[in-house]
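Read through the structures below before going on.
Consider the two complexes below, in which chain A is the common component and chain B and chain C are the respective partners.
Moving on, here comes the complex of A and B:
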């Protein structure tokens, strides 16, 4: 298979059928399509190539392609080829309205969908298997001196047979051997962002991925995100109320971080991590969780150490196929659709109730017949629910 | 941790000699001197931009790889070296603005006055086109680039060479 395929728009229609948009985000769109000849289902991730681009081919895409070509692991979603599309005869390089796509295998499920589908019953063997596969992928990525920087449950894809594929290297980058190099602080989706990033550190290391993996494990146990903060301050409040506010004695030089003073003021002590997972008391998994969600990155275990944790060698043994996955895809967009439908139903029932109330009231008092519907409030909850998934895609 | 996927590709001598420029009627000596000129441009512009040496070394490798596949008649060596430096600065996470890059080339003494103009949109367009063409021709394979400088150290160590020899080889 050649690494680059060039087509014009007409040829594109001949090559693929049943093209659907399955995801949309700050990066662009993800399309699902079936290849006409091989009948294979692929996912196409569009690359924003605006006609007025002043800086040439986007650096983030060069970064992503570089990473994807370096990795070669069963649990990392691999790049099949690049698809370059232009709509004129001039060719891809010279046409200003040309497009580019990264072509991947289509993977139906992701962990957001699996965790939030009430129809799927989790068992320990499958959670163990998913975590093990995810950690081996992270170890592979880290072994090349790279950081994923955007691990979250919707970026961990799951095939029908239970194989985990780590996806979306749009923010990933190679670590510079020079320890004084600073990186962009604004990475990782908020709910999975570790405390060192929230406190404004820009000399972080690959431990940020380990924190995100810990968040996913907690999400498995709780079946909801552990720190769904509405903003950075709220994130800090949630994390530090559970773990305690770090000081220089518990985390070397933490008070020197840029946002330390702002973020750690006025935090009330809440239930600790062990109290939060009181129903798992006595299980080894809480040990692992505590090691992964260690606020000091220097004390947090590495992905490799996490893989050697006794939880993985304990009974029940990790098993890929312990969980029966549905045939329809359970992914982030499915969750969003589900959520929107729920909201719609609630609105409808609310309106009906309002109507009934209004009729009754109107007969009594026509002046203040109906209360203003709490439309605004619902909108707010909606944005809060999905704020965790919005992130700026520009890093330098 | 290295697997076959990440080994730097190597070409046979016959492949190296059969470049696109040669097919286009550019003789070997001209091509060689053109490439050397491109490398000089990259080195001097890189110094003007205060880029680390690694970026320039990588840009020179990209330049040689590009002209393995592209013809010097179609793609001017100036645009080629500019886009090679642009690509390599992106790769090394030290991306410079295109404006500054062109400005650095303008400040070099190789060109007549006002030959390179920052505000020349056609020139920007040319550079971006060359960049894209280069990416396609390289198949976006920018991940497997080994610097030849490492070999110099390797052989120096074997030959027990001294600093003078090392400086010369560089």
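Moving on, here comes the complex of A and C:
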């Protein structure tokens, strides 16, 4: 993989056209651009490099590059090349405002967008295909002794033809062969964080990715995240009220975990997973979901086992093209934009209502008109749901 | 030729340095690999060779999940050598080296597999541990 050095922003403009910001996160920005010569659309993930930084080239980026180079799979988003930009002549190493970009293929959709677009009608064949591709990618990643550590619906990208691409290896790491090595506990976006992490375990393994895949499957079935907890405690409450509080007899040594006491106090029993998905009763998919969302990581199935689950061999067969995807991209930033627009519209209708309420004193006739039409009510419920998305995206 | 001899000499120095720091074997091995890779594309006349060496060790710490603070790392260097090293210089060289490596920072060496092999619970039962540890 070659790295390309560019000396100033002007050269960048010469190389690419139609540069647009498509996403922003804790790590930096993601740009979409068209390469002027080849006319290929690429995604540029920016990494700011400031010389004032004490630690030099960010270690997370080094990890990400190493991870991306290891994998070679159709369902894993591959790194094309690295782009280094500086705006002085002396070379980018001395420049204070240099930037590096990881250049990927541009993939228009992601699962967050597809799932929350009410205009897209899901069918089982396509969900099955997406899950199958996602699991093959996860198996590939795990086969190198690596963990992705940030699987969530917005990191699973989908091409127009329905090919799934697993992306964002910013938190991924290789497992150390030494079983006593501890890892950082604060990984995975909150809604997709498995119970062992929530309970403060720092000797976790690749099963954390399996849990996240399970959350995505549940999201497909429900069309909303299954555990949208507002904080760690709330996450635990939501998970354990559905699955029951684990004890030493159901999960070996769970009570020895650091946060066990704090997290398991005062949890009310809620509907079980099967009750939650009562409308799917009798379907094999619930069986798979239960295996993926097993709170004890030792009992949770591996990605490979999940792939051999009977659901995938049952009719309807997985089909990439069963779902007609829109030509406009449906991704996380689209969801955010929709949410912002709805919020605006809601505010407007609220203001109008206030005005009307003011008028009501003068005329009783306007009373009927002041009631919001049911359509807008619908939008308000949507708003609450999307709100969670914006919350999760701030933590990384 | 002479350039090659100088490189060999420096590799020995790097290895010695890593041993003094008690760095794991895979960090040392990667550092040496980076060093070799870098000088495939550069002449030893271009940069200060000992500083490149230190930078390689520093990058290797990052790439092999054995991270040290730069200041901490340099303090260690000060302990064993007399060389004065400016952290800014290392940072500057870091990008030069990374680019010289073309960001190829994956090194496949046997240490991880051997470690896993040695610590495989099934194996240790059947083999005498001491003999395996000797090989390792």
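We adopt the following convention: the second predicted complex is superposed on the first by the 352 of 396 C-alpha atoms of A that agree within 3 Å, B and C clash if a C-alpha of one lies under 4 Å from a C-alpha of the other, contacts with A are read in each partner's own complex, and residues count from 1 in each chain.
Please note the rule applied: contacts are C-beta pairs under 8 Å (C-beta built on N, C-alpha and C of every residue); 3 or more make two chains touch, one makes a residue touch a chain.
Predicted model only: the values in this text are computed from it and were never measured.
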Clash or fit, chain B versus chain C on superposed chain A: clash
Chain B versus chain C as contact partner of A:69, first or second or both or neither: both
Chain B versus chain C as contact partner of A:56, first or second or both or neither: both
Contacts of A:176 with chain B and chain C, given as first, second, both or neither: both
First, second, both or neither for A:84, with chain B first and chain C second: both
Touching partner for A:5 - first (chain B), second (chain C), both, neither: second
Touching partner for A:144 - first (chain B), second (chain C), both, neither: first
Footprint overlap on chain A, comparing chain B with chain C: 2-3, 53-57, 59, 62, 65-66, 69-70, 82, 84, 92-94, 173-174, 176
Chain A-touching residues of chain C, taken from the complex the two chains share: 58-59, 62-63, 65, 67, 69-71, 87-88, 90-96, 98-99, 102-106, 112-113, 115-116, 119
Touch list for chain A against partner chain B, complex: 2-4, 6, 53-57, 59, 62, 65-67, 69-70, 72, 82, 84, 92-94, 143-144, 173-174, 176, 396
Contacting residues of chain B [partner chain A, same complex]: 1, 3, 5-6, 83, 86-87, 90-91, 93, 95, 97-98, 124, 127-129, 131-133, 135-136, 139-144
Of chain A, residues touching chain C in the complex: 1-3, 5, 49, 51, 53-57, 59, 62-63, 65-66, 69-70, 82, 84, 92-94, 173-174, 176-179
